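Below is one structure. I have some questions about it.
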Amino acid sequence: MFTYPLDDHVELRPLAPEQARALYELIDDCRDWLRQWLPWVDSVKEVSDSTNFIKGALAQGAENGGLTAGIWVREELAGIISYHEIDWNNRSVGIGYWLGKPYQGQGLMSTACRVFTDHALMRMGLNRVEIRCATANRRSRAIPERLGYVLEGIVREAEKLPQGYVNHAVYGMIRSDWLRLR
Amino acid sequence: MFTYPLDDHVELRPLAPEQARALYELIDDCRDWLRQWLPWVDSVKEVSDSTNFIKGALAQGAENGGLTAGIWVREELAGIISYHEIDWNNRSVGIGYWLGKPYQGQGLMSTACRVFTDHALMRMGLNRVEIRCATANRRSRAIPERLGYVLEGIVREAEKLPQGYVNHAVYGMIRSDWLRLR
Amino acid sequence: MFTYPLDDHVELRPLAPEQARALYELIDDCRDWLRQWLPWVDSVKEVSDSTNFIKGALAQGAENGGLTAGIWVREELAGIISYHEIDWNNRSVGIGYWLGKPYQGQGLMSTACRVFTDHALMRMGLNRVEIRCATANRRSRAIPERLGYVLEGIVREAEKLPQGYVNHAVYGMIRSDWLRLR
Amino acid sequence: MFTYPLDDHVELRPLAPEQARALYELIDDCRDWLRQWLPWVDSVKEVSDSTNFIKGALAQGAENGGLTAGIWVREELAGIISYHEIDWNNRSVGIGYWLGKPYQGQGLMSTACRVFTDHALMRMGLNRVEIRCATANRRSRAIPERLGYVLEGIVREAEKLPQGYVNHAVYGMIRSDWLRLR
Amino acid sequence: MFTYPLDDHVELRPLAPEQARALYELIDDCRDWLRQWLPWVDSVKEVSDSTNFIKGALAQGAENGGLTAGIWVREELAGIISYHEIDWNNRSVGIGYWLGKPYQGQGLMSTACRVFTDHALMRMGLNRVEIRCATANRRSRAIPERLGYVLEGIVREAEKLPQGYVNHAVYGMIRSDWLRLR
Amino acid sequence: MFTYPLDDHVELRPLAPEQARALYELIDDCRDWLRQWLPWVDSVKEVSDSTNFIKGALAQGAENGGLTAGIWVREELAGIISYHEIDWNNRSVGIGYWLGKPYQGQGLMSTACRVFTDHALMRMGLNRVEIRCATANRRSRAIPERLGYVLEGIVREAEKLPQGYVNHAVYGMIRSDWLRLR
């Protein structure tokens, strides 16, 4: 029911159980593409796995105040963006995202990520947003870089993918920066 | 972040923890008005009670697929509309709602209720929507009546309010009717 | 151990785990009969399903104050009667029941239902008892009618059975009526 | 609703939430008497403590298959008898009981305890029933002795009462004995 | 990481998840020997069963203050000793233990059991330690007897083993005795 | 009972409930000192807060495989070192630590931290250990630097202390490095 329009035919929608099939099909259609950087792709084997993911994300949001949204392009699900578990003590949150292969290269995720960054720092009362990308994942790193996030470090062997450990580039945006940049 | 616009300056927004203060103040501003028909008004004593209500509603939605929305008029919270616990076995759900006193008489809730009815029957795959009002609550009964719900019965002494037991008028809308009416 | 005698060879007994086999066999012996109006029949596939049902009913009773009883005729289990989840705020409860085919037509359930109605309204401090039957289930509707319940409405497409949606006849008994009728 | 008659005016009834006041008043009326051997007496300070005890006992019974009963004499609650947590692996259970002061010396508890012993060994499929009494609690020890339980040992400093540690006399009844004795 | 040295090449170590394989292999290597007196041997079918046992023991310890330790001989796991659920109200605890066949007859368990008895009575603030052995399990009974525990009773048919019910010899050590004996 | 000796009079011991008073007193004795860098100091108001912390740490360890240890100097508790929640998917863990004021400057924590690093990478099968310190906390930063950890980044405004946001220096040790360095 609810949306956040990004432009005339692109909108964010909060994840909902009735979207499980669309989510499953998006993943299933570009498994090879997604598998490059996402460790969970092979564990999504049927629609009910996506239903469970959605229910888990909603429950975490209910507990913690987070959000997970789908990016919808002309009524097709193109990708996902979400807040990771919010650290309310330190007023900090991470953002994660991925996009199906056909939807790459159109600036969709940069726009979505700008919205999520702004909402966290301007509406939710948070002070810091963090984005972590595998160092070799150029496409993913371009997003925080385009939005003015600062590269704060390279955390070595931070994530274990099927092909081995990868380093993480850690990008941070703090509220005082965002007030200048937005 | 997310909205469903009803007209130029009215929109539905999913309930979120950062709205707890607005919700508390709306209730606190029209306690006498709300107390007429809502049994829970006196148990809302401080903002944290509204925070807990919001968290509970989100958790139930995560579990069950339901939704609770605020009706916002020019950035002010005017009232609440929500699905009660969904009966997925029987594809049936109830809708509950209330509006602060200053927002009465503008057709806001009829519009919101049309959206919730349509979403349940056309998007969520449900077959029946039920609305129950105290028989003497004319204002509340006008809403399903305006939308074409059928009065299916009068359930006696169905609810205990501080002033005593009240009868419930039970209104039902089924999918086959809605397909004709919408 | 405990019983409530209805006559010389009929008694109510609280459901207990050691009755799981008797319950399973009663269901298994008249599946076709029960399937007409009860949506859960096919999900009872072995004795452990009945054990789980009994444990669930006892846990709900412990939580909520409800009761589930078997109707025993000469040491044979004939059927089940129970309070649905009690609404303590509104002092209201529903009653559900079913009887195996060989035990029909002897007035067993009317007697049991009178006991459950009286216990709810005279002992448990409740104010309203509700019974809902599919409108076409004449046998089931005869029970509240015989006891003086009032038909308060016909709720359309309230329940989904394998054969399709059915309407519910809603019968209510309130305490002030029962004091006159009993 | 349910009972197990012991004689014309004495009966066992399963514990139920609506009995909380009767239970509280029985305890409150003979606190000094009960405090001699029961460590929990001073923690029962108001009716809601008895409500919580009853809910806990029902929940444990739902989980475990146990039972707690009140002994009712001419509609007055006289005392409590219950199965402790059942050890289904070893088919063994303990019985605990206490009686208000005015109801002592009439053989009530011996009769109730015979019923609970018989039900455990003959109906529930258990093999062993154990009763433990403080060695100096002559009145309590008389009950298993009268029923033919065997004194199997004296466990030293098994229980901490306000006045200090007491030894436990351990009595056991096994199924093969009971088949001869009952 | 942590140990309690018993002598130059024997030590106690708190159970930890990374020991699951060692535990499984010890059990698997002497199933026939262990099956004589331990009812759970056949339910340990793969390493994950031992992992689950370890997690359960750690969770119970976290909840309750108990401990489970492995006895390690020259870096090989020889057996297990643990506190059963602690009864803090009565300041009482049971000790259970078993040893793989190759490690019998060297006094290992007597030494470990002395440490566990002393720790319970001198460090944890407990007043009573209880050890129960099947009466025919001479080897096991020798341990409390060697440490000065008192045989307090023979509980009949206390445990159900695959071969049938066995009686338990109940041994008790109380703090005042231990202060003299240690 | 269990220890890991660091030298003749210093040892690590796993946290246990009976140490709650020692832990509370250590915190209470140097509140001003600890408050500089630890956000939780003022929430520790009585011994029961330390008991709850210990129970929580043990429960997390049982769930997750982590460990929390006290550093004991001549039978006095000097400080705490622990694994944060382990990320088993990525084989990564954080280490946190603090020391009471009188125990500073003796190399205690460097030794303890070497043990925890080695145990994680050599025994628990982990691949990465991370230590985060406020950038201005020189004393704390000296520890990973002394052990050869690599400074991987400066995460801005990562933690909210009463005095304001502080940046975190992130230090990482990976298994392949440790194999060379240890």
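Chains here go by letter, A, B, C, D, E and F, matching the order in which they are written, and residues are numbered from 1 within each.
Heads up, the rule we're going with is that a contact is a pair of C-beta atoms (placed from the backbone, for glycine too) under 8 Å apart; a residue touches a chain by one contact, two chains touch by 3 or more.
Fair warning: this is a prediction, and the values are worked out from it, not measured in the lab.
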Since chain E and chain F are copies that touch, is their contact same (over half of the numbers shared) or different (under half)? same
Fit chain C to chain D on CA atoms, both being copies of the same sequence, and give the resulting rotation angle in degrees, nearest 5. 180
Find the geometric centre of each of chain A and chain D from their Cα atoms only, then give the gap between the two centres in Å, rounded to an integer. 60
Any idea how many Å lie between the Cα centroids of chain D and chain E? 32
Chain B-chain D separation of Cα centroids, rounded to whole Å: 50
Find every residue in chain C that makes contact with two or more other chains and list them. none
Which part of chain C faces chain B closely enough to touch in the complex? 39, 89-92, 127-128, 130, 150, 152-160, 165, 170, 172, 174
In their shared complex, at which residues does chain D touch chain C? 1-4, 12-14, 16-18, 55, 58-59, 61-63, 65, 67, 69, 115, 119, 123-125
